[in-house]
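There are two complexes below, and they share subunit A, which is joined by subunit B in the first and by subunit C in the second.
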Partner chain A sequence: MPALDVELKNDLCEITRLLNLVEQFAKDTGLPDDALNAVMLSLDEAVTNTINYGFPGGGIHCIRLTLRREPDSITSIIEDDGIPFNPLEAPEADLTSPIEDRPIGGLGIHFIRNYMDELYYRREDGKNIFTLVKKIS
Partner chain B sequence: MEIKSENLSNGRLICLDGKLDTTTSNAFSDVLLKGMDEEPMNVIIDMAALKYISSSGLRVLLAGLKKIKAQNKIMVLAALQPHVMEVMDIAGFSPLFTISPSREDALALLQKKANG
Partner chain C sequence: MAFCTLKELRGLAQLSVEGRIDGMSSPEVQQHLEQMIRDGKRYLLVDLASTTFLSSLGLRLFFAVQKELKKVGGELILFQVPEKLKSVFTVGGFDRFFRFVDTEQGLLDGEFLPLPAGPEEQIRPDGTVFRLREYDAVPETLALIGSSEKLSRADYQPEDVVPVPQGSYRYGTGLAASGEGYEEFKSLFGEALLLNHHFFYYPAVSRPAVDFMIYSGPGSNEEFRFLHGFGFGGSCRYVASFEAGRAYVTLDEIADWVLALPSGWPMAGMVLLAESKGIFGMNLKKSPIRENRPATGEEIFDGSQFPAWVNFPLEPADENHIVAAVGIACRDLSLCRPEVRKLFSRDTRSHLHGCVFQKGPIHKNPDAFEGELSRVLTELNPVRVQHLLGRSRFSSGVIGMIELKG
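Now for the complex of A and B:
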């Protein structure tokens, strides 16, 4: 079962590297384009959120990402030692207000909910462990 | 990610090539918003070569739209790839923007507006 294991720093510059790694993994494992876009977007949003809000105390932290390609799905696991945050409990995004007062926050988790098929969260040993599963049709 | 900006006779043309992710959206913000501050004019954003956009990219587009409306100018998004269009739809952004199927259509639209 092909897998990818990477460690990212809590620095927004890491997102481009993350997407390039996911793209390469998709190429190596023959992942369809739709699934690749779904995984890139969901990981971009989730890791960006962790980097922006997970470490209010600052300092250098490591965010660990594991990708597993199974015949009919791709599973991503994001592990970080940031403050406890359960993305599954985040409120729904506002998608209908006029542009003057449309808040942009919340769109990330909205994308993740839309593009992923299964989401799991657990807090373990002081770590957030967020698992995202995309089925491949 | 490559961002090119050029001034045409009736507006500014910005071409995006690559992925608008959290990292690259800052550079796009600089080009789009600073350009609007320096010289208010209509803007076409050619997305034919843009293969990816995240909420960071959408945030820049929304900020640009708000600014250009305040300037009484028009911003047109042109030639969106299906994945980018889908993200715009899921975000509920599509109804907010003027979207053209191609750069030529967007240019024609600006010309029509200029002719009143």
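Now for the complex of A and C:
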């Protein structure tokens, strides 16, 4: 199975590199546009969140991303040594309030839940391991 | 990465974004949109036909701009949005805040296009467009407050102070302060402005570290203390929006246009709400009371005294700030009462004081003028009040006109 294994630093500039790599991987493996969009959105949200909130103590950290293309799905695995954070337990965003008082933010996990088909989280050896699966129809 | 292209489509300002709108490129997209708003555009067409990706940051950016535009009677219209990007709006729950238009015909059908020039629209030779609305209103009388006789000698004394109770004049301009006893306010007289019974003044203290404004809302029972000035009431006979044809139009040009209206008023009361492209504003640095009088007996406008007394602008300031101003313009001073003539400095035909507010866009529909004035006066932060020189520049705005008997 085609796979991509990449290490990202905890720096927001890395998001551009991440998106470039995912786009290239999608091209190489013939990933449909919808699935690519879903993966880019979800990884952007998840990795941005890890960079912003995962390392309150600062310092340089490594975020490892693995992409695996299977015939009917694409799986992304994000591993980091940041503070424990289970995205599956994050509260739902409130999308019903009127335009004047809608808070900006709180959307990331909402996007991931909607665009992905299966999500798994585990904490292992001091690491967050977040697995996102997108089915390809 | 994204490439931004600006153009105009059927009279609407259009921004096309090619590539990804993500954390890296959204600041650039944001800058373009903000510049379009600063340039006076209210309907922004954002063309996403060649956009390959939209992250939640881009979504939040469009939403923030939409919120700002809705306040000022504008709209961000999404044009040619690919389905996969439309789903980002839908999934985020943001689709209901936007109109999506797929074709140029859709723009026509949706009535997004600027209205064709009607009889109320006038285009000046420099390209400046005025859109005029007329309302029922009767001529008003200009009331003079106090006297400017003692200004140049800085010789005001307690008996020169004219109390002006809140509610006396809807509009007014002058040199004033507020407070109870003369000792309390005597060193604070500065440029003042009354607009819809909101009173602002800029105490004439030349210590930049304590730059401050004093404000009273319409509900207060205060008496304001004027040294001199003028006031008037009534409602606007005309309200016009204007958009500069080049980078800006000056206050002098606006006054000339007001005075050239077919009605041919000898004198017009002006209420201006506009976006600055550089204000030339003047204000006193010392209260012109006898205690502060130059010991040498010179006038405060003499060369030797002027720098200490007057903050005189050499360069335009406060670009992109909102300015609310009140004053008068006169076609022919020889037709006026002598005491009215004194309100105009040599070679000028207008006299306005303006309150500079924070930066931002304003709502420019003439029919929404009163509401927009109220929003600016009550919600935005005032910075200072100054006498506006005629070369002050504005990109666009709304002006209310009240007929005054000479």
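Just so it is clear, the second predicted complex is superposed on the first by the 137 of 137 C-alpha atoms of A that agree within 3 Å, B and C clash if a C-alpha of one lies under 4 Å from a C-alpha of the other, contacts with A are read in each partner's own complex, and residues count from 1 in each chain.
Operating definition for what follows: a residue touches a chain if its C-beta (ideal position, glycine included) is under 8 Å from a C-beta of that chain, and two chains touch if they have at least 3 such contacts.
Predicted, not measured: the structure shown is a model, and the values here were computed from it.
The superposition on subunit A brings subunit B into a clash with subunit C. Applying the stated contact rule after C-alpha superposition, one finds that A:E45 touches each of subunit B and subunit C. In the superposition on chain A, A:F111 makes contact with both subunit B and subunit C. Judged by the touch definition given at the top, the superposed model places A:T29 against neither subunit B nor subunit C. Residue contacts after overlaying the shared chain place A:T131 against neither subunit B nor subunit C. Contact with neither subunit B nor subunit C is seen for A:T66 once the two complexes are overlaid on the shared chain.
In the superposition on chain A, A:N37 makes contact with both subunit B and subunit C.
In the overlay built on chain A, none of the stretches 78-86, 132-140 or 330-338 of subunit C clash with subunit B except 78-86. In the superposition on chain A, the residues of subunit A contacting both subunit B and subunit C are 12-13, 15-16, 19, 33-34, 37, 40-41, 44-45, 48, 93, 95-96, 99-100, 102, 104, 107-108, 110-111, 114-115. Those residues of subunit B lying in contact with subunit A across their complex are 1, 19, 21-24, 52, 54-56, 58-59, 62, 65-66, 69, 83, 87, 90-92, 96.
Chain contact summary for the complex, subunit A toward subunit B: residues 12-16, 19, 33-34, 37, 40-41, 44-45, 48, 93, 95-96, 99-100, 102, 104, 107-108, 110-111, 114-115.
Those residues of subunit A that touch subunit C in the complex are listed here as 12-13, 15-16, 19, 33-34, 37, 40-41, 44-45, 48, 93, 95-96, 99-100, 102, 104-105, 107-108, 110-111, 114-115. Contact residues on subunit C toward subunit A in their complex (touch as defined above): 1, 20, 22-24, 53, 55-56, 59-60, 63-64, 66-67, 70, 84-85, 87-88, 91-93, 97.
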